[in-house]
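Shared chain: subunit A. Partners: subunit B in the first complex, subunit C in the second.
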Partner chain A sequence: MNLAFFDQFSSPSLLGIPLILISMTFPALLLPSLSNRWIPDRLATLQLWLINLITKQLMTPLDKKGHKWALILTSLMIFLLLVNLLGLLPYTFTPTTQLSVSLALAFPLWLATLLMGMRNQPSVSLSHLLPEGTPTLLIPALVLIETTSILIRPLALGVRLTANLTAGHLLIQLIATATTALLPTMPGVSLLTLTILLLLTILEVAVAVIQAYVFVLLLSLYLQENT
Partner chain B sequence: PLVRRVLHTTRPLHTTQQSLAPVPPLPEKGGEVRHGLIPEEFFQFLYPKTGVTGPYMLGTGLLLYFLSKEIYVVNHETVAAACILSVIIYAIKKFGPRVAAFADKLNEEKLATALAMKNEAIQALQTAIEEEKKEQWRVGGSSYLFDAKRNNIAMLLETNYRERLLTVYNEVKKRLDYQVAMQTLRRQKEQDYMIQWVEKNVVQSITPQQQKESIAKCILDLKALSKSAHAAV
Partner chain C sequence: GPLSERPLMEVRLGELHTWISTCNFSPQGLLGAVQKAWSSYCAKYIHVRQGGPAGISMLLAGYCLLSYGWNYQHFSK
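After this line comes the complex of A and B, so read on.
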């Protein structure tokens, strides 16, 4: 099967049945199931440690009301981590490269933080539109700018995730194609491109982890502002 | 071993012991795997028919079949696959033991804190037992304590009695001394008065004639004495 460049980004389907749901829920099956032992096996210990670390990091700056979000934020983080890292394997499909998935995650969560803030403490929420200590002349302009920035947040969240991952995957493919094409004619340059590819792969692993983290971190930040 | 992650309603009620503890211990090592992917059981499964090289021949054959029939096409993904797989394998080989040691350390720390708590509790109880034993021994020696206290009190009482006796004696002595002093004073006064009376009478009885005679005699004596004194010098 000769692949075009964008085949890896097309939503997978088998005989007309869309498989995107499976590709989103499959990574969860890879996590070790928790036994009710007090001292579990190594994999379960590591998983527990990771979840504890993530939850602590996310929940420390939030106050009591924000702790209701612990479960969804932690599971979001784990989901994004897993999905991004698994997408680096060959011939796999990363759901987060689809804008629909990213926006579907970002939009409702951002809106939830906004509505929570507006509903419970509207004046405090609105006061975030104007940073402290701005000169009086700039106030109207700054309010407009801050409103725009708030409204743009969900788009930014979703598009950031999608764009980073898509760009990374695409680069890997392009440089791999270059390596393959150069192999018969200039093996030396091919080796050079191979080195670049190796470095890029390491970068992509890092990007996968970081993007997941940034997504969840920004959400928790918006939550902080509005709680 | 049966994995017991089932709902309680499906737990066999009458055929097994109905307790979830003690949990059977985890096996020491995981299942044996060759080349990190293929379980050892697969090799053992093929061993009777094909010997030691069987599975390898199977793998090589499959791979070459896929390649030659172009069921698997070598394209750019192959290169990408080679890269990511080499990165993964390198990471596992390099950091695998460290991660395993870290997980083991986490578990060890959990166990250690629990053990420490248990040992501390045992230690506290031991010290409590020793304290109790000492208290019991102390109670045993309390009769000596009471004797000493009784002696102490008796001594105090005795001292107090003696002191009061002394006070009484002193008071009585003071009164008697007063009487004695009064008597001596009276006798002294009588004596003085008598002497004065005798002197007064004697002075009165010296007549003028006697006075003249005694003065003349004194002058004669003095002259005689002065003569003898002149002579001595």
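After this line comes the complex of A and C, so read on.
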């Protein structure tokens, strides 16, 4: 197997400055800056509409105490959206393909929801470990299973994000290599692979958006359980 | 006006080295220059009532070019 395909995910650095820092701070330049106008420019209007949509969608299922999380969840969603979509441009680097970034985002937030639940309403949080109406004999096994499922949530959150994006980028690179390799010998097949590449790129845009959404949605779900 | 206060676009080519010598190269000076450049770019292309895709596209294209430069020695084999 040609392991050179994985080179695109190595963190590039020039003169000791890693690109990952720039790729994580660049999205801030694309967001609207403060303006004291009621109706700012077109870009800001579009982004404000999007942010309102996201916030309403995330905060509706939560009760009042969970609304304190609105800022961090919305900004997390915007960050993941932008970073995933920017990674689809040529030659750019996607920081979320690194497990370190994904897990660093997932672990503390999940732990925060868990600790909040345990501290404010310990009995309610612990009661989530046992679904209602289980037969008495199954109770010990089910408690163990539910505990394992809770403990594995941050890993699942982080790895899901990284794996989806990495797989998508790899597929794009593989099919693009196939297209260029087939072009001199079999142009017809090359055209077919080009069509596949276009469809795949559209899929990747969708995956980028969906993965960001799923990450934040699951976090808000964990918050819902624990508030 | 005097040479040191003219913006870069109004400095003639022959006066360029004199203009550079009047620049403030301290950290605050450089930071001020970057801030001024960014805000004039935003004012010209982004904070316009009927802006189009040009403002953001230039930023994204610049980002692509920057990433290309950063990765150059990796894929120039």
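Descriptive notes on the structure:
The rule we apply is simple: the second predicted complex is superposed on the first by the 222 of 227 C-alpha atoms of A that agree within 3 Å, B and C clash if a C-alpha of one lies under 4 Å from a C-alpha of the other, contacts with A are read in each partner's own complex, and residues count from 1 in each chain.
Operating definition for what follows: a residue touches a chain if its C-beta (ideal position, glycine included) is under 8 Å from a C-beta of that chain, and two chains touch if they have at least 3 such contacts.
Source: prediction; values computed, not measured.
Look at A:M24: by the touch rule set out above, it reaches neither subunit B nor subunit C.
More subunit A residues lie in contact with B than with the other chain of the pair subunit B and subunit C.
When the shared chain is aligned, subunit B comes close enough to touch A:I202, but subunit C does not. In the superposition on chain A, A:L82 makes contact with neither subunit B nor subunit C. When the two structures are aligned on the shared chain, A:Q173 is found in touch with subunit B, with no touch to subunit C.
Look at A:R42: by the touch rule set out above, it reaches both subunit B and subunit C.
When the two complexes are overlaid on their common chain A, residue A:P90 makes contact with subunit B and with subunit C alike. By the touch criterion stated above, A:S33 is placed in contact with subunit B and with subunit C alike. Judged by the document's definition of touching, subunit A residues 33, 35, 40-43, 89-91 lie at the interface with subunit B and also at the interface with subunit C.
Partner subunit A is touched in their complex by these residues of subunit B: 5, 20, 23, 26, 73-81, 83-87, 99-100, 102-104, 106-107, 110-111.
Those residues of subunit A that touch subunit B in the complex are listed here as 1-3, 33, 35-43, 45-46, 49, 88-91, 172-173, 176-177, 179-180, 194, 197-198, 201-202, 205.
Subunit C meets subunit A in the complex at residues 42, 46-52, 55-56, 59-60, 63-64, 66-71, 74. Of all the residues in subunit A, the ones that touch subunit C in their complex are 7, 10, 12-14, 19, 22-23, 26, 29-30, 33, 35, 40-43, 86, 89-93.
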